[in-house]
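Order as written gives the chain letters A, B, C, D and E; numbering starts at 1 within each chain.
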Amino acid sequence: ISTGGGDGDSGGDGGDGGDGGDTDTPINTEAPTEDITLQWAADTRMADSADEIRQALSDAGLPDNITVELIAGSQVTDNRQAQYQQWLNGGREEPTLLMMDSGWTVPFIARNQIQNLSQSLPSEMISTIEDQYFGASVATAKGANGDLYGQPLFPDFPTMQYRKDLLRNAGYTDEDFETWATESMSWEEFSAITKEAMEANSDIEYGFTFQANVYEGLSCCDFNEFMTSYGGAYFGGRENLFGPVGDRPITVEEEPVLNAIRMVRTLIHGEDDEHALDGITGNISPEAVLQWTEEPSRKPFTGGNAIMHRNWPYSININGADDVFGEDLGVMPIPYGVTPDEAQYEGTGGPVAALGGWHLTLNPNAPDEKKQAAVQVFKAMQEEQFQLDMFEIGGWIPPRPATLDSDRAQQVPVIGRYLDALKVAGENAIPRPVTVVWPQQSGKVSQEVNNAMAQEKSPEQAMSDLANQLEQIEQSAS
Amino acid sequence: MSNENSGINLGSDDAEMKRGPFGRWVNKAIKNPDRVYRAMFYVATVFFLVTTLFPFYWLLVIALTPNRLITNMGLLPKGFNPAVFIEMFERVPFHLYMFNSFVLGITTTIIVLLLASLAGYVFGRLRFRGKGALMLGILAISYFPPAAFLIPLFELFTGNTAISLGAITISSPDLFNTPAPMVFPFSALLLPLSIFILTTFYGQIPDGLEDAARVEGTTRLGALFRVIVPLSAPGVATAGVLTFIAVYNEFFFSFLMNNGEASSWAPIVAGILKYQGQFDTPYNLMAAASIVGVLPVAILVIIAQERIVSGLTAGALKE
Amino acid sequence: MATEQKSGEALSESRRSGPYASAVNWMENLSETQFAYLLLTPALILLGVIAVYPLATTFSMSLFADQLTGSARLGEFVGLQNYIDLFTGARDFALPSAFLPTFTTEFPFVTDIYSSALMVTLIFTVFSVLFETLIGFGQALILDQDFRGRRWVRVAIIIPWAVPIVIQGMIWYLMFQPNIGFLIGTTENPALLNQLGLIGTTPLRDTADSLFLIIVADVWKTSAFMALLILAGMQSIDRSLYDVAKVAGASRWQQFRMITLPLILPTVLVAMLFRTIDAMRVYGIIETMAGCQTVPSLSCLVVSTFNAPLYGTSATVAFVTAAIIALVVSVYIYNFASEGL
Amino acid sequence: MGDVKLEHVSKHYDDVTAVDDMNLDIQDGEFICLVGPSGCGKSTTMEMIAGLTIPSEGKVFIGDREVTNLPPKDRGVAMVFQNIALFPHMDVYDNISFGLRLRNYDKEEIERRVNRAADVVQLEGMLERMPDEMSGGQRQRVAIARAIVRNPGVFLMDEPLANLDAKLRVHMRTELQRLHKELDTTIIYVTHDQAEAMTMSDRIAVIDSGQLQQIDPPLVCYNEPANLFVAGFIGSPSMNFLDGDVTESGFESTNIDIEFDPADLGIEVGREVTLGIRPEDVYLVEDEHLVTNPSHEIEAITDVLEPMGDEIFVYLKLEEDAEAHLDEDTIAMNDQLLMSVAPDTVIEEDTDVSVVLDRSRVHLFDTETGEAISHGIESAVKAGGPTGTEAESDD
Amino acid sequence: MGDVKLEHVSKHYDDVTAVDDMNLDIQDGEFICLVGPSGCGKSTTMEMIAGLTIPSEGKVFIGDREVTNLPPKDRGVAMVFQNIALFPHMDVYDNISFGLRLRNYDKEEIERRVNRAADVVQLEGMLERMPDEMSGGQRQRVAIARAIVRNPGVFLMDEPLANLDAKLRVHMRTELQRLHKELDTTIIYVTHDQAEAMTMSDRIAVIDSGQLQQIDPPLVCYNEPANLFVAGFIGSPSMNFLDGDVTESGFESTNIDIEFDPADLGIEVGREVTLGIRPEDVYLVEDEHLVTNPSHEIEAITDVLEPMGDEIFVYLKLEEDAEAHLDEDTIAMNDQLLMSVAPDTVIEEDTDVSVVLDRSRVHLFDTETGEAISHGIESAVKAGGPTGTEAESDD
C-alpha cells in the first residue's frame, strides 16, 4: 500500500498533495462557456447570506453560467484551518475557492498548498490588489517570494467602543467624541478618562474591557496592539513580520514590550502593582479580562456594565443597534503608547489596530475549467460595487480603503456611522507576525503574556522566558 | 413493624415525645436499620439527581435567556424566550443534522455490536492460542489519540491511497461527504470497548445454556445470537448505548471527513457549531440545540434501559 | 408418522444443501482455534484497515523530521531523533508545554507539576477515574433498586453522558466565566467557591484551577459511563445467589462485598480500564473549557502539533502517549489478570 | 427456639395461588417432611419460612417471634436450595464456609467445620474445585455442606438428595438423622423419595395444590391416609382404587365386592365410596394363609409383570375385555389391580389367577369429598359383633 | 440409524479423569440406563455422545458415522440436561418449540407437537409462563418436553425425573416407555432411581470412576452382578457383604459360615472372598419354609428397625459387643446384617432372633479384585453332586 500525495514515506521531496496541483501555471482568463458550479468554502455568516452574495457577484459581472455554491465552514477558525490543511494536503479538487484567515494564509503559501495568483492571474488584477487594497491585508497574503496567493476579501480591525452617555456624565461632550473618532488618545489619557467616567457612574462595574485570555486573540491582537502601540514588536520592525524565520531579532525583552505589559497590569491591578507603569491610571479593568475572549468581554459592555470596550467591528453592529446604545455608542481608534516618531521600529507606535480579516484563495488541485471560472469570481470580487454590497449585506468591511469613503458606505446602517474611526484603524493596522512557526509561537506568547498580566511572573521574567522559547522555535525552523 | 414496636413499648411513647421528631426517628432507626438504609438511599438519590440535572437546568436557563441578556446570570433565566426553540431550526436545519447523527450512530452501533459480538464470543467463550495477545493488541488500538489516525485515514477515504497489484494500481474510492469515512473509523475505534464489554458479559453466561441450544440444533453462531446475546441483554444494550452516544456526539473525524453541510452527512455537533459566528456566540441557540439534540438519546436510553435492567438468567439452571 | 420420521432430523439436516448450508457446515466443523480466528476476521480486517494500517503509516511519520515549508509533508528521515528530543526536552519549545516534568530529588520529585503534560494528564486521570468509579458505583447501586419513578431517575443519571463535549464544555465554561456564570465572583465580590479557596476568580486561565474544574466537569459527564456498565454488570448476576446469601445471614453490605463486588469485578475493571485510557487521552473538554495552553494534556500536545503542522513531532507524541497508556494499562492487567480479563 | 408456625399463610402470584391458607405447627426439634406433587407449593412454603418470599396473607412464627416480615438473615435458618445455587466465583471451600465467614468465625474453627462437613458429604479432596468443575451430584453435596456447617435453629432442605445415587443417599440420610439428633434442630425437608420421607421424618406433611392435606407420622399417613389424595400419593406404587357404592351388604363395584355392615362403620347405604387397597395387600390365593382376614377370591388375568429385583409388580386385569388404561386420568381404575408378589413367585403374563385382598388393610373413602371413612374393615367387623361375623361367614 | 458406539473413549480434565477408556455398544432402539455413583462420569459420557464435550481419546459413533468431532446439531440427538438449562428469556412454549423453530417446522405442526408434549408432561395451561415462574419440577418437565417434541435418532436423558414426585415419575416413566416404543429411538438415560433403571431399561450400564463395570439387562445386573461394585451398587438397600476365607468346608468368616465344596465352584482353598447376600434373602427362622435351600441358622440381635410401609428393614447385630458402624467406609461389615421382612411381621428392637440365608442367592466375590466368583451356592452344590449334599446335610 502506498499513499499518494506526499506523505511520510516520500520524505523530503514528497509530492504536492494531489494531482493537477500546479500552483503557478497561468490560468485562462476567458470566461468559460459551459455551466460551471464552483464550491466556495466560506463561513456560516456568508452561507446564511448566500443568495444575496450570489446576486452581488452577478451584479458585479460574474457570468450567469458560473454558479457559486457557498459552504458554511466551521466558524471556529482553528477548525477551519485544520480542515483546509487536510483537504489541500489530500489533494481534494473541491472546494475550488477557499476563504482563509489572514492570520493563517501564510503557512498554506509556505507549503505550496494554494494557487500562486501572481503567476496565474493577469497582472492587472494583481496590481489592483497590490495598489488599492489595505496594505497590511495584502501583506498577509504574500509568499516569501513576494508573490500574491490570496485576494483580500474583507479586513477586520478592532476599535475602541465607548458609551457616550456615560462619558457625558463625566463631562465630556460630543465635540470630544468627534475628535476622538479620528484622533487617537494616549493610554495615559484613556485610562484617566475611563477612571473619571467610572467615578462619575458609580453603578457601572467596569471601566475598560478587553480580551486577555490565553488564546490566539491575545498574541495576535490585543497584546500585539498594546505592544505595537508602545513601539514594541515581537521580531523587530514591520519588515520582519513575515520572516525570515530564524534570521530576525527577537525583541520581546525590550522596554516597549515590557511597558505594554506594565500598562495592562496597571489597568487591572492598579497603580500599586509592583510593575505598574507610571502615568497610567489603574484599576479600570477587571481581573476577569484575563479569562475573557471576545464574547465574554463584550457581554458586560453590551449589558451596560462597562464604559470602554475593545473589540472587532462585528460588535459595533451589536452595540450600535438602536435597542442597545444606538447613537450613544462611540467608536475610536485604539489608544497609543508612544507616537510613531518616538517608536523604535518603523511602523510601530500610534493607534495600532491588529489586523484580522479573510482572503479568498484558489485550490490548485481544482480542474482547469473550474480555475478558469474562479478567475471570473476573483474579478467580480474586485468590483467596488461587490465590496459595497458585502458591506451592506453583512458588514464586511471593503478591502479598499477608498471604498470606505464612498457615500454608499456611509449609508450602511450602524457601522456606516463609524467609518472614520475604522479607516484610521485600517490605516494603522498591524498584521500578526504570521510565518510557518507562528502557531507555535503564538501559544507561547499568549501564555507568557497572560502570566505576566496575572502577576504570576514579572514582565521581565516572562518576556525573557518567552524570548528563549521564541528563539528555539525560530532556530528549529531555519 | 412499627405497630409492633409501639405496641410493645407502651411506656416509651412519652419518652419519644420528649426526644422530638428527630430523636424519635433515630430511635426507630436503631430498631429498624432498614429505615436508615431507606433514608440513605433517598438522600443519595436526591443528591445524584441534583448534581446530574443541575447543569441541564443551567443549559435550559441559558437557552431561555435571550442571548444578549446572557450576562451576570443567576439561577433563573433572565427573560423568557421559548421562541429560541423555533429560531434554532430557522437558523440551521438542525433536524437534518440530528437525522445524520442518528443514521451514523445506528449504522455504527449495528456494525460494532455485530463485530464485537463475534469477537466477544470468541474471547469470552472459546479457548485458543494467541487469545491474550490478540486481546491486548485490540486494546492497544484505543491507546492512540484519534489524531494519530487522521492523515492516513483521510487519504484512504479521499481516494489517495493506492494498492499496487503488479501492473494495476487500485485507488481507494473517494468517499468524502458520505457516511462511510465516519462510520468506518467510528466502528474501528469504538470496537475495542464493545469487544471488552461483550467479552465479559458473554463469558458469564453459563455453558449449560449454550450446550442446550446446540443440542437443540443451533450452530455455534446460532447459539450466540439466539441465546447468549439475548441473555447478555444488559451488556449488549450498554455497549450499544455507549457506542451510539459516542458516535452521535462525535466531532473529531466527522468534521474532517465532510464539508460540514447537513447534506454531506455532517453530525449534530457540526450543526451546533454552525450557530457560532466568527466572534459572536449565540449561547442560547447552542443551548437550545443541545437540549433538542439530547432528546433522542434520552429516548434511546429509556428504551435501552428496559434491556439493561432485566436480570434474565433466573430459573435457567439447576446448579 | 413416528416411524416415518424416525431420525428424520439427522437426515433432513444432511439433506439440506446449497451454499449457505455448506458454509454453515464448514464453519461448524472447524477446530476451536480456527473457528475463533474465523469469527475474529471481520473485526480484525476492520481494525487492520482502519486502525493498524494508519498507525503503521503514522509511526513511519514519527521517524521523519517536521517540515513547515514546501509541499512535502515531512522532512528528512531522522530515525528515532524525534523520540530522543521529546524525552530530553529538546522538543518542548514546539509543544504547548513541557512534555516531562523537571525532576528533583525531593518529594514530590518534580518541579511545577502543572507545567508538564505528563503530570497534568496523570493527575487528571487519577482523580477523574477515581471519582467516576466511586460515583458511578453509587449511581449504579441506586439504579439497581426497585422504586417508583426509577426509570426517570435512570435517564436523569445517564443523560450527562449524552451531552456532546462541546456543550459540556460550554455549560461549565459559562458557569465559570466571570460576569456570566454565577459560580464565579470577583475579587471584591467572591462567590462561594472562591471564598472556600477552591478556585480563584479567573479559574479558567489558571492551570490548577482549570484542572480541578475540568475534572469536576468530566466526573459529571462520565460517571454515567461507569454507572451504566456497573449497572449492567449487577443486572447480570443471578438473583438466586442473593437468596442464598440472605439465608446464610449476609447483611446488605456483606451481600455487596461477597457477591456483587466479585461478580461485577470484571465489568468494573473493563469500565475502569477504558476510562483510564480515555482519561489519558483527554482533549475535548480541555479545549472547550480552558484551552490547551492552560491545561496541557498529552493529547493537547498531539493535536496542537498536528495543527501546527508538525507532523513528525505529532506522530511521535502520539506514539509516546500510547506507550505511556500501555504502561499504565499493563499495571492494571498485571494486577488484575487473575480476575478473568 | 426452633419451632415453626404458619398461621393461615397464603401466597398468590398474579393468577396462581402457590400456597393456600396453610397452617403448620412444627415443634422444636421435629423432623418434618413436606411431600406433594410437583408444583404444589413446597418450595414456596420453605421460602416463606426462610423469609425469601413474603406471604400474601398470614403470619409466620419462628420460636416465639413473629418473623413474617423479618429479613432472612435474622431468622436463624439454613437452607439447601432446590436449584442448588452455588456461588460460581467461589471454590468449594469458600462456598461451604460462606455463612461462617459472614459471622467472623476464626480461621481454625472454619476450617474444622468445613472439613467436617466435606467429610459428611464425601467431598474431601475437592475443596479447591470451582462449582463448574463438578458433577451435578457433587454440586448438590456442596449445597448440603454449605447448610450443615452452620448451627441454625431451623434447617430447610429442598430436595437435597435429588441428584445423588441410592447408596450415597442412604448415607446422607443417616448423616442427616445423626445431625438432627446431635444438634436437636428443627428440620423441614422436601423430598420426592418416599423412602426418605418414611424413614427420616417425625411427621410427614402432605400438600396438594397449596393446601395441607395431612400432617402425621409416616406410618399413620401410610396406614391411615386422611383422604384419597394422601392415600394415592403416599406409597409407591400407588394404592389401587375402586369406585363403588355402599349397599346393605357392604361395598359393591363392577368387579369387586367386600361385605361388611355399613351401619357398623357409620356409613349410610347408597353413599358412593372409593375402596383403596395397596399392591402389597393383594395376595395370590395360594398365599391366602398369610392373611388373617382375607376377602373372598377375585378372578383376574395377569397383564404386565414388572420384576423389581426384590419384588414383582403384577398388573391384573379384572374385566377381560377392558383395555388396560395406562394413563391415570381418573384416580380409580375399576378394571385393573396392581399387586406385588415376592420375587421368587412363579407367575406368568396373561394367565388366569385368583387373588384375595387383606380386608384389614382395605380403606374406604367418600368418593365425592375424598375424606377417609374407614381404614381396615376387619376391625370394624370385629368390633361390630354379629353383622361382622355374618359378613365374614358369608364369604 | 440410532446405534451409539463409544470406542476407548476417555475424558481428562486437568488432573481428573472423568471417563476412562469407556467402550459402549448400544443398539438402535435400545433403552440403556447409565447408573453409577455421583461423579462417576455419567454426564460426561452423555456430553461426549451429544458432542458437547470432545473426548480426550477414543471415538464416538452414531449410526454408521464417526461423530467424534461432529457438532451437536448434526448428530441428531435430543438431550434432557441434568441442570435443566431452560432458556430463561423464553416462555415455556418457546422453550419447548425451540428445536422445531430452528428446523423451520410450520406453525401448526409446531403447535400440535408442543401441545402434545405439554400434555405428556402435564404442563397444559402453563405454556405462557417464564421459567422463573415455575417450580423446580415444572422446569424439569419443560426440559423433558423440549427434548421429546423432536424426533431425534438418540435421546439422552440425564436424570430427567429427579425433581418429580413419585406419582408423576411413574407416569413419566410410562410415557417415556411409550415414546420409546412408538419412535423406536435409542434412549440413553441416567438415573439414580433403581426402580427406574430396573423397569425401563433394556440394559443397565454400571459405571464407577469413569470405568464401565457391567452392561447387562437389569435382572442380570441384579442377580448376577459382575463384581463387588455392581453388587453393592444395584439394589436398595444394598447387598450385605461379609469378608471371609475359603476353607475346605466352604466360606468362613467371623460370624457366618456357609458350607460348600470349593472345588465345585473352582475356588482354591485359602482364597479371600467376600460373601454377598441381599436383605430380602435373609429370613427369620420362622419363615424358613419360604426358602428351598436355607443356610444354617445365624444368631443375631435386632438393632434398628426401619418400617417402610410395604416392608420393614431390620438391622441385625451379629457380634453383641461390636458397635454398629453406620459409615460405609469398608464395603463389608462382618458384624452387621440388614434384613427386610414383611410389614406385618411382629418384631422388636434389641431382641435376639435367628435368621437364615437363602443359599441359592448367596454371591461370592474375590475380595481383592472384586470379580464375581459364583452366584448362588445351592446350584453349585447341586451341580457338584455329593459334596454339595454333604455340605447341606452338615447343616
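Here, contacts are C-beta pairs under 8 Å (C-beta built on N, C-alpha and C of every residue); 3 or more make two chains touch, one makes a residue touch a chain.
No experiment lies behind these values; they were computed from the predicted model shown.
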Neighbouring chains shared between chain B and chain D, ordered by label: C, E
Shortest path length from chain A to chain D (each step joins two touching chains): 2
Top chain pair, ranked by number of contacting C-beta pairs: B-C
Reference chain D; chain at largest CA-centroid distance: A
Chain closest to the assembly centre - both centres taken as Cα means: B
Inter-chain centre distance, chain C versus chain E - centres from mean C-alpha coordinates, in Å: 59
Centroid spacing, where centroids are CA-atom means, of chain A and chain E in whole angstrom: 96
Computed distance of Cα centres, chain C from chain A, in Å: 38
Residue list for chain B, restricted to those that touch at least two other chains: 70-72, 150-152, 206, 217, 219-220, 273, 313-314, 317-319
Multi-chain contact sites of chain A, meaning residues that touch two or more partners: 1, 3, 7, 82, 89, 299-300, 305
For chain C, residues contacting two or more additional chains: 9, 13, 28, 53, 57, 61, 73, 179-180, 238, 240, 263, 306, 311, 315
Contact set on chain C toward chain D in their complex: 238, 240-241, 243-251, 254, 258-259, 262-263
Residue ranges of chain C in contact with chain E within the complex: 2-3, 5-14, 25, 28-29
Contact set on chain B toward chain A in their complex: 68-72, 91, 150-152, 154-155, 158, 160-164, 171, 176, 255-256, 259-261, 270, 273-281
List of chain D residues in touch with chain E within their complex: 13, 16, 35-39, 42-44, 82-83, 133-138, 140-141, 158-159, 162-171, 174, 178, 192-195, 198-199, 218-219, 222-223, 232-238, 278-280, 290, 306-311, 326-328, 340, 342-343
Complex interface listing, chain C residues touching chain A: 53, 57, 60-61, 63-64, 66-77, 93-94, 96, 177-180, 186-187, 201-206, 291-294, 304, 306-312, 315
